[in-house]
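Same chain, two partners: subunit A is paired with subunit B first, then with subunit C.
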Partner chain A sequence: MEQNLIDLSRAQFALTAMFHWLFVPLTLGLGLIVAIMETLYVKGKGEKWKTTTRFWMKIFGINFAVGVASGIILEFEFGTNWAKYSWFVGDIFGVPLAIEGIVAFFMEATFIAVMFFGWDKVSKRFHLAATWLTLLGATLSAVWILVANAWMQNPVGIGEFNVDLVRTELSSFWAVISPLAIVKFLHTVISSWMLAAAVVIGIASFYLLKGREKTFALDSIRVAVKVGIAGVIAAIITGDMSGNLVAKTQPMKLAAMESLYDGHNNAGLVALAVLNPDKKFDDGKDPFLFNVSFPNMLSFLATRNSNGFVPGINDVLKGGYIGPDGAQTISVNEKIALGKDASLALKEYKNAATEDEKTKARNAFRKNEKYFGYSFFKSAEETIPPVGLVFYAFRIMVALGFLFLILFITVEYFLHKKRFEKARLLQKICLLSIPFAYIASQAGWIVAEVGRQPWAIQDILPVKAAVTNIGATSVILTFCFFLVLFSVLLVAEVNIIRKAIRTGPEENPQNTNQ
Partner chain B sequence: MDKIRNVRDFLQMYIEGFKGLTWGKPLWNIIIAKIIVLSAIAAFLASKNPMKNLHTNNQKSEYIFNEFVKINNN
Partner chain C sequence: MEYSFLQHYWWFLLSLLGGILVFLLFVQGGQSLIYSLGKEESDFAQLINSLKRKWELTFTLLVTFGASFFASFPLFYTISFGGAYWVWMAILFCFVLQAVSYEFISRRGNILGNGVYKAFLYLNGVLGPILLGTAVSTLFFGAHFSYSPEGMTNMDNPVFSVWEGAFFGLEAVWNTPFNVILGIAIFFLARTLGALYFINNINDESIRIRARRQVAINAVLFLLPFLTYLIYVLFFHPVWRFENGELNQDAAIYLDNIISNPWTLVILLSGLVCVLHGIYVGARRSNLNGIWTAGIGVILTVTSLLFIAGVDGTVYYRSLSSPDLSLTIFNSSSSRFTLTAMSIVSLFIPAVLAYIWYVWRKMDVK
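Coming up: the complex of A and B.
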């Protein structure tokens, strides 16, 4: 398999996934904010909440409409660009995706129509239920996608490898809903609340800066800021839980996130750093040109013990340390050798002429089947993910998360003191912060997905064995089509949203400009 | 349409809703154009897939096995 094709296929999937991920978090977060606003309306807090709900529902609808179908193309890509992957793990990976399509997406699609078209046609309470059920549908949709993604990070629930069909098969569906899947779901969905809060506060601040729709804007900010604060705090807690699980299941990813080459006890969490661009994994050079760390924090995050040992990249490569399961780890080179033995046994099984030969080869394969994925590597070095990208993306995500917490608390303080309306500098910061919420969200995906490289499924199937051999030219061509299409769609969405914002909420007697 | 009382009213709500969309029209154009372009790209990629002519599980597993052997030998 040519490296060019592997990298291009990776880039194409990354492009479609990241484009789709521009829309999903706003749908999840804005759905919650809209549902809260409508609840206030139904609870009798005034007609103004109906106007407020309908405006943000319009933004929700535009975002939903432009985002729809780009998720479907991702699922098609599994069949076109990642056909070997789909064959190899389809029995397991296909289950959550099918549930997502059949149950969650249909639920969301059904109730979203009532949410948009049902005003004054169904009772207030039924309409409110439809709004909450749309949110539930979108969230359930995210559950199954994230269960599938978490399984790629931590493949569990796998039975014996099917040597006849050359594929893995599901042994327990419930095992697939692992602790990592639950934490990943919570962290991703909750961080989407932060993004939506930043968008609502930013757009509402725009109205205040323009001296328009003051009551509407302040009401919107009041709801969004609470969702935002709750979202960031919960994202910090679930982020910590996620980091702890990554330490147990993907030590190489954690080492890359921290640019930790040589593991040690009392490891510090790097707060701020510039990486040494000349650093090679085995050259003994300092990985940083400059760094500031929180002492012992990485050890605590990874082991829940501030003295705990955190393995670095070289430790994972060389093995010999005690893993989270209490057993001594083996080196990647040993894993590669055992994987090659498994691969040879599989070949012998396929070429076996008699039942006896088959049984012998099958038993030989079973001995080392868990290392089969390593057979595709030539050297241990190949198993190191791109450290720089993962390291900086992690810092960007965390730093922006904390900055948003400070921003939301400041906004809440100014609202409480009834000074937000006049705080023009803060309003400008809120407006300008919108893109940074998206950057934080995308950075999170980069950490999760690039950190898993070179594996498509951690320790089971590397990307180079998963990609379909469809020719680099075809991938370049479609990559360019995707790029043009997504750019046009993005410009279209921004323009439609700008138009909707310019029009503003519907007639509202309480707006100060009326 | 007044309040919904039966399934027919419910379907009417959808029809009226889609008809009454104002800001939704450019969105529908976007959705339709997007689906057409994405389907064309997916169809193109699918036509290039070497597994497209493999119909049985045996053929597919044989192909995957041979591909794995190739990657292992490279």
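Coming up: the complex of A and C.
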């Protein structure tokens, strides 16, 4: 398989996914904040909450459209750029996507029309219900897409490999909704609340800095900061749970997140470090030029025991340690050899002339079928993800998460003391923090997706065996096209939001067709 | 449940989703009419605001249709999406433009200007139905592809499917004129439905008068290619079917399928009558409800036509280069377990349709 094509297909999907993820977390988080604000309005807390709701709903709407547009591109790309993936795991992977469409998208699409255009057409309570149902639809959509993604990280619920069709098949629907899927959903959605809170607090701070819309700004911050604090705390808890599950299901990813080459007991969690750029996995050099660690914390995160053994990259490659299932692990080279045996047995099965030959070949395949995905590798080294990117992305995500917690608590404290209105430095920090919320959110996905490389489906299908066999030129053209399209859309989106903010919440919404 | 029943059940559901999708293309049809029906800025605003409340349903149905096809018949998804790359990318491009245009068109600071977004909507309105119609026609006329599961055992260069058209799907335009004929028919049908929708949804007599004229013109332009296509496909087009592992060709297979599933004949004829009735009442001055009659007719007609194209081992996606590898609902479906699990989920569909209907009515009442 042409490496150029693999990298281009990867780049196109990454571009689309990262662009899409600029809009989704704000939709999920702002949807909650808007629903709370409208609830306050309907509960009789004052007409001002209607104005506040409508302003943030306008921002929600501008953001929502591009999220919808980029979402459809991702779904199509599973087929256009990852056709072998679509066949190999389509029997399982397609299910959550279809359920997402049937259960979630229609709820979102139907009620969002009421949310935007129904103010004068339906009762207050019906409108409020529509707002909450739009949020529910968006969140359900996230449930199913994150179930699908969690399955790529931890493929479960698979029956016997179908040797006639050469594909994996579903054996348990409920198994697919695994603990990892649940934690991934919670972590992703809840961290989106943090992002939305940062955006709302940042924009509201802009008004305070300008001396405008003070009541609106302070009301908005009061709601958003509570959502933000709850979001960050819950994201930290679910992040810890997620790390523990990653240790069990994707030890190579955890090792990359920590740049841990040689595993040991009492492993520390790296707090701050500079990686050694010359480090190779088997050269025995120190992976860090400088590092500060929290003692024993990685062991505790991975095993819930501060003395526990955490395997490093070399341990995963060489095997020989006791895995979370209590069995001794084997080396990646052995897995590659067994995978090639499985592949040859499958080929023999397909070429078998008699039933006896078929049975023999099938049995030979069954012995090693779980290593079939490894047959596509030539060396164990290929199974190491890009350590530097994963390592730094993880630190950025975690550090920003904690910084946002400190920021939100500080904002809440100043609000409580009725000093926020005059705290111009804090307001400036809030405004400038907006892009960092997006960086944290994107970094999280880099850890999840780059950390899984080179696998499309962990231990089952590598990216290089999943890609569509089309000319690289076609992918270059569509990549360039998407790059231009996304850039234009992003500039337009940011400019529209900028204008909407400048106009402020007092504008007659009829003028903007809302 | 029997595997065969599940495969037929999902083929029926996809046919139904396809039928509803074609009906909801009234949004695209409406967009393609904005320059014909809108004479002043206030007209454009009314036309676009009317469609703005419905476009998400078409868009969502397209996504759901794709996802359901992926989940129930992944072999088609793999071959068609992976092979006809440029066709699907073109469709994607059209629909992405639509999604952003509705939100951005009336916003200050939208960079490109309102006229450009209006043009994007027009572009989506014209190209969307033509491309979708052309793509759907390949279900009847096939494409040059082959596939081989054992290709996945090639450790150095795993290959599953091979698309033999050098233009990655664009060759559908010149392989046979019928693909484009169906695209054109769907385009004019969408315009007819779009005009009927405006008559129902916009309370402005001058727009209604212009829309009624468009109903009459576009209905004629729709019926000519559609009837040509329908007659050719039903009576003259050699259809393929696997029987006892052998591939048979016969121009009467679709008719056989209709006869062995007589309800399809009933809904096909009812659908055609409803479409014609809807067009007739829509073109008359006093009636506002042509969209509903015609819409139901479109759903019934398309559902029956798509269903008979795949029932009982009939080839629904023929391989012109390796006929034995042509797709049927039997050789291209998901496993029995997956189809069963999804069938349970499909029980939500009536509830979904019910709340869509309820909200639609609620929003259009005042």
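By our rule, the second predicted complex is superposed on the first by the 506 of 514 C-alpha atoms of A that agree within 3 Å, B and C clash if a C-alpha of one lies under 4 Å from a C-alpha of the other, contacts with A are read in each partner's own complex, and residues count from 1 in each chain.
Basically, a contact is a pair of C-beta atoms (placed from the backbone, for glycine too) under 8 Å apart; a residue touches a chain by one contact, two chains touch by 3 or more.
Worth saying up front: this structure is predicted, and the values here are computed from it rather than measured.
K.L.:
For the three-chain model obtained by superposing on subunit A, do subunit B and subunit C clash or fit?
P.N.:
The answer is clash.
K.L.:
With the two complexes superposed on chain A, say which partner A:376 touches: subunit B (first), subunit C (second), both, or neither.
P.N.:
In the superposition, A:376 touches subunit B and subunit C alike.
K.L.:
Using the superposition on chain A described above, determine whether A:389 touches subunit B (first), subunit C (second), both, or neither.
P.N.:
In the superposition, A:389 touches no partner, neither subunit B nor subunit C.
K.L.:
When the two structures are laid over each other on chain A, which of subunit B and subunit C touches more residues of subunit A?
P.N.:
Of subunit B and subunit C, C contacts more residues of subunit A.
K.L.:
With both complexes superposed on chain A, which partner does A:87 reach: first (subunit B), second (subunit C), both or neither?
P.N.:
Touch status of A:87: both partners.
K.L.:
Between subunit B (first) and subunit C (second), which, if any, makes contact with A:297: first, second, both or neither?
P.N.:
neither
K.L.:
Is A:69 touching the first partner subunit B, the second partner subunit C, both, or neither of them?
P.N.:
In the superposition, A:69 touches subunit B and subunit C alike.
K.L.:
Going by the contact rule set out at the top, does A:97 touch subunit B (first), subunit C (second), both, or neither?
P.N.:
second
K.L.:
What is the contact status of A:14 with respect to subunit B (first) and subunit C (second): first, second, both, or neither?
P.N.:
Once the two structures are laid over each other on A, A:14 reaches no partner at all.
K.L.:
I'd like to know which partner A:118 touches here: subunit B for first, subunit C for second, both or neither.
P.N.:
both
K.L.:
Per the contact definition in the header, classify A:234: touching subunit B only (first), subunit C only (second), both, or neither.
P.N.:
After superposition on chain A, A:234 lies in contact with neither partner.
K.L.:
Does any part of subunit A touch subunit B in one structure and subunit C in the other, and if so which residues?
P.N.:
Shared contact residues on subunit A (touching subunit B in one complex, subunit C in the other): 1, 61-62, 65-66, 68-70, 72-73, 76, 79-80, 83-84, 87-88, 113-114, 117-118, 121-122, 164-167, 340, 343, 346-347, 350, 375-376, 465, 468-470, 474, 478, 481, 485, 489, 492-493, 496, 499-500.
K.L.:
Report the residues of subunit A in contact with subunit B in the complex, numbered from low to high.
P.N.:
Listed in rising order, the residues are 1, 58, 61-62, 65-66, 68-70, 72-73, 76-77, 79-81, 83-84, 87-88, 113-114, 116-118, 121-123, 164-167, 340, 343, 346-347, 350, 375-376, 464-465, 468-471, 474, 477-478, 481-482, 485, 489, 492-493, 496, 499-500.
K.L.:
Quick one: which bits of subunit A touch subunit C in the complex? Just the residue numbers, please.
P.N.:
Residue positions touching the partner: 1, 61-62, 64-66, 68-73, 75-76, 78-80, 83-84, 86-88, 90-92, 94-95, 97-103, 105-114, 117-118, 120-122, 126, 130, 159, 162, 164-167, 169-171, 173, 340, 343-344, 346-347, 350-351, 375-376, 465, 468-470, 474, 478, 481, 485, 488-489, 491-493, 495-496, 498-500, 503, 512-513.
K.L.:
Please give the residue numbers of subunit B that touch subunit A in the complex, ascending.
P.N.:
Residues 1-4, 9, 13-14, 16-18, 20, 23-24, 26-28, 30-31, 34-35, 37-38, 41-42, 44-46, 48-51, 57, 60-61, 64-65, 67-72, 74.
K.L.:
Can you name the residues of subunit C that touch subunit A in the complex?
P.N.:
49, 52-54, 56-57, 59-60, 62-64, 66-68, 70-72, 74-75, 77-83, 85-86, 88-89, 92-93, 95-96, 99-100, 102-104, 106-112, 149-150, 152-153, 155-163, 168, 334-335, 337-338, 341-342, 345-346, 348-349, 352, 355-356, 359, 362-363, 365-366
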